[in-house]
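Everything below concerns the one structure shown next.
In order of appearance the chains are A, B, C and D, and numbering begins at 1 in each one.
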Amino acid sequence: MKKIINDPSTVVVDSLHGMAVAHPDLLRITTEPAVIARADGPVAGKVGVVSGGGSGHEPLHGGFVGLGMLDAAVPGAVFTSPTPDAILSAIQQANGGAGVLLIVKNYTGDVLNFETAAELAEAEGISVRSVVIDDDVAVKDSTYTAGRRGVGGTVLLEKLTGAAAQRGDSLEAVEGLATRVIANVRSMGLALTAPTVPHVGTPSFDLADDEIEVGIGIHGEPGRERLPLEPADALVARLTEPILTDLPFGDGDRVLLFTNSMGGTPLLELYLAHGIAERLFADRGVSIVRRLVGPYITSLEMQGISLTALKLDDEMVQLWDAPVLTAALRWGV
Amino acid sequence: MGCRTDGVVAALKAAADTVVAHRDELVELDRVIGDGDHGENLQRGFQTFVVALTRSTPDKPGAAVKLLATTLISTVGGAAGPLYGTACLRAATTLGDADELTPETTVAALRAALGGVVARGKAEVGDKTMVDALTPAVDAAAEALGSGADIAGVLAAAADAAEKGAESTVPLVARKGRASYLGERSANHLDPGARSTSLLLRAFADSAAKHRSAA
Amino acid sequence: MKKIINDPSTVVVDSLHGMAVAHPDLLRITTEPAVIARADGPVAGKVGVVSGGGSGHEPLHGGFVGLGMLDAAVPGAVFTSPTPDAILSAIQQANGGAGVLLIVKNYTGDVLNFETAAELAEAEGISVRSVVIDDDVAVKDSTYTAGRRGVGGTVLLEKLTGAAAQRGDSLEAVEGLATRVIANVRSMGLALTAPTVPHVGTPSFDLADDEIEVGIGIHGEPGRERLPLEPADALVARLTEPILTDLPFGDGDRVLLFTNSMGGTPLLELYLAHGIAERLFADRGVSIVRRLVGPYITSLEMQGISLTALKLDDEMVQLWDAPVLTAALRWGV
Amino acid sequence: MGCRTDGVVAALKAAADTVVAHRDELVELDRVIGDGDHGENLQRGFQTFVVALTRSTPDKPGAAVKLLATTLISTVGGAAGPLYGTACLRAATTLGDADELTPETTVAALRAALGGVVARGKAEVGDKTMVDALTPAVDAAAEALGSGADIAGVLAAAADAAEKGAESTVPLVARKGRASYLGERSANHLDPGARSTSLLLRAFADSAAKHRSAA
């Protein structure tokens, strides 16, 4: 395992220390428990927006803490959901008196730990609402299974709900928006290489030089299927097809297209893939009116990409364009 | 013949030793069909528990199990943290503040633990989870109790059944937990949580057996 | 070779196409010759700032085109300096009548091609000044050699000169600032893995699982020396020491510290390394007053980091904080 | 006995074939002590030149060499683009609009080419660059001319000397170009530019020899 770390068991705390000194004006970071909060939070009278999950997906979630997005983020151990006490602390630091929305990615661990934290917060008199995002079309959905994973759509959900909270929407309104976003966003990803979890030391899965994993998540899980490496046009089509047909997206839809690097895929390839994806969406009469291209929800150093498409309404467009000032995403301020 | 707090604490410490000893095995099982942290997470939790025991000494079996419960909930994370945490919490509640454990309360505690896991995780037998190990363990424990077994006997029966139950997860396609994302590809692999459940019960049984022979 | 591309010989053009559709409001991109220009340029009366070089270092340089930074960037083939005709076209698109500053990284190819382009532009009556940045302390300097490479300092130089041009400084003034920045910036990098150039197909160098290259450049050149992998504290010290002693940086200096990912190193490790670097600088009495942390000058998918330190004066601080609106760097607007 | 435009064009096309044939070798040499693009860059330039020849037909030897010069400058990039481009530009200038090449003008053109490379790159013999191949080539060509050699003879002498010159770069520590960044580590490797120079001169020589026997 080749990593710039001192000790796998302290990698998250050590990294949080570096993040804290890198963004002194923006963030207030504690390590016991591990919470990344807005330096100027909690904002009185504003709905707080909190998310979290295992570490290793940076900049998600901590890189999205700041004006117009998250009030606090809870980083767990690498690929491990944080514990209720840490989540509770984040809720407290985000609570400006107008209630707190929890954005939970649909993983058993995240769901259970946020559930417990929400109960504890409610017991303290903080009104909490939780939404669970499950936008990964690679996973067949069913009431008998754990359901779909929360992946790229999480980034867009955090931006839009954060903007709604920032402009003063009520907890119910922000929750309503979140539900609408979740209903209209779909994602899928593929991997060229596997990530190596520090405390494991070996790649999460083994791929030959000419193989890829299609339908991967963000925790080094293998994908739904293993296929031979193909030219970019074919690879991107393997992601756009399932996304387009799932919602479905079609003629006249206005869409935000998010082309994401899983961490190790360079911008040169990412822009190339984005260009292909826009063409494939246009072929279906879908008009891309907003874009996001970059490494925003990653899986350590894994090489690969994911595509996320959100069917926009006017309010979502407004909220997307609204000011945001975080370590990883900023505009309008 | 019952088992007092010291015996229960000894059993929980034995469980901690087992988790540490099998940390890498559990990580590897989870790496293949999950995200490779099950052994790491449980080790973090049980090691913290052993440290916690140096700070506070539970005076009742229930208190000892409750200390484990709260430690697991606040340090393990992932799916196993809340699941094992809730299991222990429910078990501790059934034990109340009784001074000692009996074969009856042992079975009741195991049943409550299973109830806690199912209440939180909504998994059924066959979903390829720890439930596949814990469910037959509870049934076997009850049966052993019916035929007059003592605590060590009850736990031995539970451990034997849990091991078979864990093995039974190998051919299954996961319907719950991270492995479910793999669909068909999750088959032919042992579920890490079912494996850790059988390891824990075996540690309890062995500790109780030692305790008995010592008594 | 595992890459999301269609054809190594068209990778740059294909990627430029994707970049163009991703940033329609921000950029105007041509491919014959390949130039990335400000959509709203040239800005009349403003000094134009132009840079360029081989592709594969994204977001450098195209990601820095926009308000407050570059007016145009010239992407060559992967790791290959662009040709004079493309550079000339960029100069023309950047010329608002107040002259154009060329920022050239110190590589024989870049120097020679920009030299020729400058002559051609002057012949057209455009006043052009060129500065050559050579901030890599890994290379021993000497008048008999090609000298030091231009690396991380380039990003800071483009930001500061771009801000000076944006506020209306004259060509002489912007050139003067550039010279001051170049005199006060130092960098060094290390690699955990080698990049693979698309048209080569195999890694630029071969490293064992426990080896690293220290003193690498951004073109997959091996470094000055090959060493065993060490804990992060030791790795970072291998970069800070040569930087601190070279300028030198010392007690009371106010510094901008830039911790850069070479492409494949995830943010989790990058923040961890940044935290260590800040501590090591503080140990020498150097106070870090500005920071930049992220993948800004990369070498395809190479895993590794580089550190860049710039000794700041008040004007530089002002210019660093000035508004910038580009694909890769934005604040203040 | 001179060489008219068709002969010169034939020689330049032969050079293009050589570059394509040795593209991978030059890439590999450059991968080890540079950035692995020398063969790719030269191939791009010479292939574009061959295409350019289908569009315009130079009427003089100098015009043919000038077309190659401008094509290399506008398509090769890197260090080799400007260096070879300037070399050809200077050579073309010395050839002026003469209708045919002579042994004398051939040597003058080679000397001018070397002058161009040195003027742009400031490299001296021993810096581990194409200059280490081109310098001895020019001297050998002049010597051959002195002893009455024809164009083919002059170029053969240049090619032989260039090959020895290229070989001489192997032990050298680079002082110019990308390889200089490696310091001591640049030793024991053949310089790609010196290699391409010797390949080009060999192609010219062989083409001239064919031309002679044909004449």
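Definition applied: a residue touches a chain if its C-beta (ideal position, glycine included) is under 8 Å from a C-beta of that chain, and two chains touch if they have at least 3 such contacts.
What you see is a predicted model, and the numbers here were worked out from it, not measured in a lab.
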item	value
Chain hops separating subunit D from subunit B, counting only touching neighbours	3
Chain of greatest Cα-centre distance to subunit A	D
Euclidean distance of C-alpha centroids - subunit B vs subunit C, Å	55
Euclidean distance of C-alpha centroids - subunit C vs subunit D, Å	33
Multi-chain contact sites of subunit C, meaning residues that touch two or more partners	78
Graph class of chain-chain contacts, one of line, ring, star, complete, other	line
Interchain contacts, given as pairs of chains that touch	A-B, A-C, C-D
Residues on subunit C engaged by subunit D in the complex (per definition of touch)	54, 76-85, 107-109, 112-113, 115-116, 138-140, 142, 144-146, 149, 197, 199-200, 202, 204, 217, 219-222, 224
Interface residues, subunit B side, partner subunit A - complex	27, 31, 33-37, 40-41, 44, 73-83, 120-121, 175-178, 180-183, 185
Interfacial residue positions of subunit A with respect to subunit C in the complex	2-7, 11-12, 14-23, 55-56, 58-59, 63, 78, 192-193, 209, 212, 229, 231-233, 235-236, 259, 263-276, 278, 288, 291, 293, 295, 298, 300-301, 303, 305, 330-331, 333
